[in-house]
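Structures for review follow.
In what follows, chain A forms one complex with chain B and a second complex with chain C.
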Partner chain A sequence: MNLALLIIAFVMLGSAAIAMGLRNLIHSALLLIASWAAIAAFFLWAGAEFLAFAQVLVYVGAVSMVVLFAVLLTRQSRLDLNLAPVPFGRALGALIAGSAVAGILFGAILGTPLPAAAAPPPGLTVRQLGLQLMGTHAAALLVVGVILTVALLGAIVLASNEAAPKTPEAR
Partner chain B sequence: MSALPSLLRLLEVGPGLRTGFLRLLSLEPVQRPGSTTMTAATADFARATDVDKGAAFLERLPVVLRDWIASFFPESLRWVVGALLAIAVILAVFGSLFALLTLAERKVLGRVQNRPGPNRTGPFGLFQPIADAIKMLTKEDVVPREADQVLHFLAPVALLGFSILTFAVIPYGRRLVPLELDAAVLYFFAAGAGTELAVFMAGWASHNKYSLLAAMRALAQLISYELPLLLSFVPVVMLAGTLSTSRIVAAQAGWTWGFLPHWHVFTPWGFAGFVIFMVAAVAESNRSPFDLPEAESELIAGHLTEYSGFKYALFFMAEYFGMIALSGMAITLFLGGWQAPLPFLEFVPSYVWFALKLLALLLGFIWLRATLPRLRMDQLTRLAWKFLVPLALVNLGTAAFWQLTAHWDGPLSAARWVVAAVLVVGPFLVLGRGLTAGIATRTYRYA
Partner chain C sequence: MNPLQLCLMVSTGLFCIGLAGALARSNTILVLLGIELMLNAANLNFIAFWRYGPPSTPATGVLFALFAIAVAAAEAAVGLALIIAVYRHQKNIRLQDANTLKG
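Our next item is the complex of A and B:
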């Protein structure tokens, strides 16, 4: 059994589980980020180097900031950061829904016939990855780019106020 | 119960592709994996043993020393020893460089301001860093009662950890890369992204409104300047066709007409990229004139308000490490890495060239601090979004033009230079006019 995988899985699942249990939203967010970092470690373990670093750059670097800013800007005060305990019924519902999804996923994975022998490692270099993205999957890449641009423009439209800015004083 | 092992087997995708530092945990025997990802140790050993028999002795010295020390250990442990040695050397060299840099900064700043600088501790004040270290270690460590104790402690540790991680992929000399990765440049900036998190933790955990506000301001700055920083090196990756730092350095080997090095900084797009990269690097490492996050003279040191003693020193250690690492990356990407500037100077070991370039850039940082006044927050963000980001985007086009016209020669070669230069200077002038519109050229009247 592979010790590294066990440690990674423990950190990934453990931090996610504790994040759900904590009352303090900021602590939960930071633990969620730790979980993302563990996912990056898992990619690294699996040999997907580029994906791992992209995961760190995007999730630990950028998405984490969005989450933290959102938490801080939507709360009224520091005391507001502590969540009230969830009623029993809701917790039970969440548990049932979660285990149903997990059951479906497990069933699907275990039911899929997969080659028993270990497949040869793909050994993708960054260059091959880039050629794939720019060649075979160029259309998908462009569509993703357009979607992100539209999202950015929407955010700007939502955030901008129509009032004409006052004359800028000294710059 | 048979479900669990089969699921775990599924997850073992590529057993041959696991990378080095994870192998440290499982302690498996090392085998050379396919082609791309190899551990630092195996790659270095393969190259150190059979290649470069004819290279100069000094050039080979670090690798020879490493192999000699590793030869005392059994075969299966040598890659661990090699990796640990690399870590120890990095910590020792850059730790002492940090100490000397604090002294050099105070000395140079003093000279620029027409005063001697620290000169009481030891000859020429040379023991000043030691005195500073003792002072920092013996100071009381005050933590506010209301502070989030764990995060307050974790913030400086995480910041320092992330900034040390970035040293792993910089090629310090011929065959002197601690960790040879296929996506090394991406690794460097991914490790650097973690510092923002540490700044947030420091500001939030202090339970002080000034700390929190300053941390938000610092984050706005770091995120704004991340963009030009990342955009400015994309042309290098595009033209070198690789994300591996050692191959980017190799792509800059050689000279035109025997004296003009093929460094990226000596091309129009490379020059623009280098300048944008350095401006963004100054801002990313919180150095003057972009030192708003910690503006000790105006903003009571920002997110560091509630820190004291050695934790406070750790923040500055991380700042200097970040500065050194970004300078090292700038050298790798634009200044030819460890390559000698002229052919007849190649007898000097490669790591000496790297060190000289590094010291030059670091002195440049200090010079900037002595020369420029601090920017205001709105000026800072305007510079990033309205000037550096568009320039970096235009620079992508310039680099593409340069690449597509690589086969032009003779008189066309001159045309290539002129067009590329116009593509660099034109947007600079237009955007610069836009940036200073309304305040125009200042006229100074003498009283």
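Our next item is the complex of A and C:
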């Protein structure tokens, strides 16, 4: 049980850490897809199957494609995708900040009397989840739908080139 | 060590990797991806507490994480559209060069 969690955590944290340190943006994006897939595996391990498939659909499927398109649309030169190396002082500061937050949170986790294990899994079926979404949480579901619609329309408005048809020679 | 602590430590690690990445890198896409990692770490916490925490109604944690994923997807779409808009103005997406909003 815990061995599976350790393997998942190793893949998740390892690929995320390497992705944040690489200079090639495409390699970073592909490693982050591995990390998101490992997060989906964690959800499966914890018994939240529906959430695991939602994670695969949304992150591994959709967000990764949007990220790859953004990387390819904003590259500086056609062949060279490598970024300038991070300045040493800045990398050191970020590492210190991250380790400090990690130390504080580890201390808090280890010092808190959390409920012991051996709780039975909650046993949630997709049918129950759907009934909850359509019944108790119907208003929240509608609001999330409106947020997604507005955000995607806003994204199109932001990214579209509205000046191009009027003055094509201005570009 | 009980499993809840182990899950919380994994999500803490993911959060701190995302934080360090968002602070260190100067490419806007990588900063956005670091923020996405932090949001995912929050989802891991929701699921860890849903699975091992004090008993509650059976769907609470999953519903919370589901809504968080939906909002994070909207945030990623808007963030990447902003990056493309900035690139069109500056021909560059380094954060140091994008410190003014005046086109």
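The rule is simple: the second predicted complex is superposed on the first by the 141 of 171 C-alpha atoms of A that agree within 3 Å, B and C clash if a C-alpha of one lies under 4 Å from a C-alpha of the other, contacts with A are read in each partner's own complex, and residues count from 1 in each chain.
Keep this in mind: contacts are C-beta pairs under 8 Å (C-beta built on N, C-alpha and C of every residue); 3 or more make two chains touch, one makes a residue touch a chain.
All of these numbers come straight from a predicted model, not from anything done at the bench.
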{"item": "Contacts of A:G93 with chain B and chain C, given as first, second, both or neither", "value": "second"}
{"item": "First (chain B), second (chain C), both or neither touched by A:V146", "value": "neither"}
{"item": "Contacts of A:G61 with chain B and chain C, given as first, second, both or neither", "value": "first"}
{"item": "Touched partner set for A:F106, first chain B, second chain C, both or neither", "value": "both"}
{"item": "When both partners are placed on the shared chain, which of chain B and chain C touches more of chain A", "value": "C"}
{"item": "Contacts of A:G154 with chain B and chain C, given as first, second, both or neither", "value": "second"}
{"item": "Which superposed partner A:N2 touches (first chain B, second chain C, both, neither)", "value": "both"}
{"item": "Chain B versus chain C as contact partner of A:A46, first or second or both or neither", "value": "both"}
{"item": "Chain B versus chain C as contact partner of A:I26, first or second or both or neither", "value": "first"}
{"item": "Contacts of A:A138 with chain B and chain C, given as first, second, both or neither", "value": "neither"}
{"item": "Intersection of the chain A residues that touch chain B with those that touch chain C", "value": "1-2, 5, 46-47, 50, 54, 62, 69, 106, 109-110, 114, 119, 121-124"}
{"item": "Residues of chain A that touch chain C when the two form their complex", "value": "1-2, 5, 8-9, 12-13, 16-17, 19-20, 25, 28-29, 32, 35-36, 39, 42-43, 46-48, 50-51, 54-55, 58-59, 62-63, 66-67, 69-71, 73-74, 76, 83-84, 86, 90-91, 93-95, 97-99, 101-102, 105-106, 109-110, 114-117, 119, 121-124, 128-129, 132-133, 137, 140, 144, 147-148, 151-152, 154-156, 158-159, 161"}
{"item": "Chain A residues touching chain B - in the complex, by the definition given at the top", "value": "1-5, 7, 26-27, 30, 33, 41, 44-47, 49-50, 53-54, 56-57, 60-62, 64-65, 68-69, 72, 78, 106, 109-110, 114, 118-119, 121-127, 168, 170-171"}
{"item": "Chain C to chain A touching residues, read off their complex", "value": "2-10, 12-21, 23-27, 29-30, 33-34, 36-37, 40, 43-44, 47-48, 50-55, 58-59, 61-63, 65-67, 69-71, 73-78, 80-85, 87-88, 92-93"}
{"item": "Chain A partner contacts - residues on chain B that touch it in the complex", "value": "3, 6-8, 10-19, 22-23, 25-27, 33-37, 151, 181-183, 186-187, 189-191, 193-194, 196-197, 200-201, 204, 207, 212, 216, 219, 223, 226, 241-244, 378-379, 382, 436, 438-439"}
